[in-house]
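Letters A, B, C and D name the chains as they come in the text, with residue numbers starting at 1 for each one.
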Amino acid sequence: MSLTGVIPPVCTPLTPDYEVDTASLVRLVDHLLTGGVNALFVLGSSSEVAYLTDAQRRTVLDTVVGHVAGQVPVLAGVIDMTTPRVLQHARVAVEAGASGLVATAPFYTRTHPDEIRTHFRTIAERGGLPLYAYDLPIAVHTKLSAPMLLELAAEGALAGVKDSSGDDGGLREVILGREAPFSVLTGSEVTVDSALWMGADGVVPGLGNVDPHGYVELYRCAARGDWQAARTEQERLVRLFEIVKVGGGRMGGSSSGLGAFKAALHLRGIIDCPITALPQTPLNDDEVGQIGKHLATAGLL
Amino acid sequence: MSLTGVIPPVCTPLTPDYEVDTASLVRLVDHLLTGGVNALFVLGSSSEVAYLTDAQRRTVLDTVVGHVAGQVPVLAGVIDMTTPRVLQHARVAVEAGASGLVATAPFYTRTHPDEIRTHFRTIAERGGLPLYAYDLPIAVHTKLSAPMLLELAAEGALAGVKDSSGDDGGLREVILGREAPFSVLTGSEVTVDSALWMGADGVVPGLGNVDPHGYVELYRCAARGDWQAARTEQERLVRLFEIVKVGGGRMGGSSSGLGAFKAALHLRGIIDCPITALPQTPLNDDEVGQIGKHLATAGLL
Amino acid sequence: MSLTGVIPPVCTPLTPDYEVDTASLVRLVDHLLTGGVNALFVLGSSSEVAYLTDAQRRTVLDTVVGHVAGQVPVLAGVIDMTTPRVLQHARVAVEAGASGLVATAPFYTRTHPDEIRTHFRTIAERGGLPLYAYDLPIAVHTKLSAPMLLELAAEGALAGVKDSSGDDGGLREVILGREAPFSVLTGSEVTVDSALWMGADGVVPGLGNVDPHGYVELYRCAARGDWQAARTEQERLVRLFEIVKVGGGRMGGSSSGLGAFKAALHLRGIIDCPITALPQTPLNDDEVGQIGKHLATAGLL
Amino acid sequence: MSLTGVIPPVCTPLTPDYEVDTASLVRLVDHLLTGGVNALFVLGSSSEVAYLTDAQRRTVLDTVVGHVAGQVPVLAGVIDMTTPRVLQHARVAVEAGASGLVATAPFYTRTHPDEIRTHFRTIAERGGLPLYAYDLPIAVHTKLSAPMLLELAAEGALAGVKDSSGDDGGLREVILGREAPFSVLTGSEVTVDSALWMGADGVVPGLGNVDPHGYVELYRCAARGDWQAARTEQERLVRLFEIVKVGGGRMGGSSSGLGAFKAALHLRGIIDCPITALPQTPLNDDEVGQIGKHLATAGLL
């Protein structure tokens, strides 16, 4: 499996009492598949994976893998602090029928680069599925260097990387340096055309929950070499991405972004309830109103 | 329960195949109780909590709480990324019979101070046991401010704090500012006499695994006002604490410290195997030899 | 003056006893002008501005402005900790005949965003020349946000930005958000084609010292819409940029990069001595040899 | 010269048009000498050194050294980005008759530990005066490790350290590890009794500008072994130190602290004008009022 195209990190709709709303989740999956996405990524940061209990993670996996039923690959985040805990999540993902695993470097602990290599190698050996590295220094407080990624790619430990570091110079170094097949996926919402231009294989945009058609259109334009049209679509999405700032200042960056995606999905009628998990501060009515205006401007309401 | 005295964060001995070595764990607990400690803290950073699966965490809790059988309080770390996951661990700790919970601020996510307050308040309400905040910015990448701790103390959400931030000015601000009973525990190995001098109630020293008698002696000297003797004992322990640097450079700071504690416990005959969990780089023979010399100098071999 | 095109940050050649080598500096300027660059930026990070005394800074300014004699604009870095010190450097730059000023946010001090605004506004009012913000969080430990840059642009305080943050999403936000003329210049060596594609006006590449022809070619290809050729040239330069890593590990990132540029300029016969200022560790013979190989591969030897 | 006792980092009073107010500076020096301090430190962070032009730095040095006229040693901060710039400031300090130099590690640049060693060694060799390392990671973004300080102490490059890192564990490691005479000075305002208890030689408290008598009393109590009285005095000063938080949130931490010291000196009638240098946000009337209340509580109005 060499992953390409648009692979949204699927939001996890919750009920008002903070349980996984599987009916809304299924509607969201349908919304994404109808939008033409190439694969799905569940249990990533945009899925509020950090806030879900293990049982809820399992529910998400089973619901999505079951509903997708092989139409597209489903990647499973196995986000946890260290190797043994990640391997537990990997076991569940295998059982649920996921197509690949997405793991960060260890966090909470202070980990040497040699130990990060051991971490990925061990998951690759024992995880039972193709492994994608998730480079998210804002959460993990470690940047995966291009040389390390290329080394792990060359030895077959990694099948690809989701690069959410915002460092497109490093992304390019990986693209130009890879020799074996190695999927380079940008986690950026706003530099997708340029990442594809550099040779990236795909995109994992949180905003793709709200507007999958936009990212699919962007990708298709790029794929057929119509870069002007890709840029125009990207610029529209850059403007839409302003929604993630609406709650800024009053809450953490995670809450502001996740709250915005869910508010937009709720306004668009895709999920029943826009609630985010504890301890996130919810958006207030005024903020939701602003998000509605952004959606209207983008032609999504 | 107002916690005071020496409360070591209990290491988690592992078998060569990385399972919890309950026999060694029981011996370690006996070693600590014999040393005269006032309480135990399991599933903290020194317990390699970040590396233990949920089943292993449960084994540790059951083993220690069962063996201690009420002789001293047993605090349980409920270390995880966010409130819902922490609450799961709290449920297990309650079932196992722990005496209190120790939780950090959220990590991995970017969390606003208001959300950190919500986090602790929610755990305090629903956790079912007295809650201690664990201030460990090197792992969590957030510092708990003195005003926030005092606010949560005043409203009864927090029963105390384990301060492993190294910021003894902040520690003092909490000590001087508290009004209700609120246990201030330093997580430092090397400024215990001065923290007690400032009015701290106790100490949670990782090195206390290796030399509980030393920390108990230090605490008792301080308690009876013999500060000169307390300082002399502290200075001996400062020198012993050099063991945590032996592996430095070749591995992460977590591995170097945890590896040293376990190597020392193995050399002292208390645990069967000094192995640390994956992906930590193990100490080599030369490094273990250096640790042995430190132990000999400290009169512990 | 609306700045566009290739604006290399001019290295500062030193004599073996660490004085400014004005003869080499003049040769370097000729090398750059011959290469077709559109403007010069002296006293930036690549100029070792942090290591030059005020007298040396003055020598650099006088030498370059005098030699260029109006053929192209010369921007002057006014890098210092706070507003009053920056204003002193601005005075010198005005006297020397520079065309514009380049200033970072305050550093060393802990500065609130409101104070950063005051900083730029004050320099704009009193500096006497068009002001460019220099966004270099790796040195300054503050990121200039897109909204702040746009606000300062809208009120006319800033004429442009040199963005060396590596955050091309933020760069794009500024490009799409600007209304008045506002030069957006990327400080990246490796994402120039994509920054131009997004609408950036120019590039300030340290590597442009070594290969100005390459960056000029890249820019011209982009300007005439031949993006494929621009990308090919960019990819060649990405490979050449590997020279900055040769000294990595043994020295700081600043020294490794600056040492590589100077070694390359020396190997190419443009400057007399590759020495870098104290306390930087110099490259050794083996490392210089590796840089030579990179130059040969790039067709520059 | 082995420095001991209370060595306040002297604030730099400014006139309303931001020039050095030498008359107020002289009054401040007299206030400090009358308070019984053992030495003075000019051109440190509390002196707003980062905001003073070189001419202003010179004025401060000449004014203070001239007025003190040898009654106590005067240390001169030589704060700048790298070795050559620091050496320029050292030359001025020697000419002005300072007793010692205080230098940080390089900042703005990314500097390897080996280069930091070269930095201090070069200043020690060429600076012409005893050299004190200034450990201020909040400004410099590098922590000076205990082993590095001890190495530089052992070879005679450093005469001492001003430790403003807040890491009293590291402070103690230096105290216990030193062999040659080496002055260990804490830069903390709030852990002075405990630092002295550990064996520190003196204290460099910014708050000592406002209440030199308090710190001198604290030091004298400690020196004669009356630790209870030292602690009581320290606790009073901890409460007074709350003034540095009054402006918090609305301005940077530097401005809030420096503004509070100057407002207090103005309220106490020692300096004519409480203004702080640009771009710092000034305290407003309400905030100044709160500082007045703190002073009254502390018996200083």
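The rule is short, and it goes like this: a contact is a pair of C-beta atoms (placed from the backbone, for glycine too) under 8 Å apart; a residue touches a chain by one contact, two chains touch by 3 or more.
From a predicted model like this one, the values you see are computed outputs, not experimental measurements.
S.K.: Going by the touch criterion stated earlier, list every chain that contacts chain C and also contacts chain D.
M.R.: Looking at chain D and chain C together, no chain touches each of them.
S.K.: So what's the Cα centroid distance for chain B and chain D, whole Å?
M.R.: Once rounded, the distance between the two centres reads 35 Å.
S.K.: Averaging over Cα atoms per chain, report the distance between chain B and chain C in Å.
M.R.: Chain B and chain C have C-alpha centres separated by 48 Å.
S.K.: What positions in chain C touch 2 or more of the other chains?
M.R.: none
S.K.: What are all the chain pairs that meet the touch criterion?
M.R.: A-B, A-C, B-D, C-D
S.K.: Using the touch definition from the top, list the residues of chain C that touch chain A in their complex.
M.R.: Of all residues in chain C, those touching chain A are 166-169, 172-173, 176, 188-191, 193-194, 197-198, 227, 231, 235, 238-239.
S.K.: For chain C, which residues are in contact with chain D within the complex?
M.R.: 18, 50-54, 56, 79, 81-85, 88, 106-112, 114-116, 118-119, 122, 138-141, 250-255, 277-281
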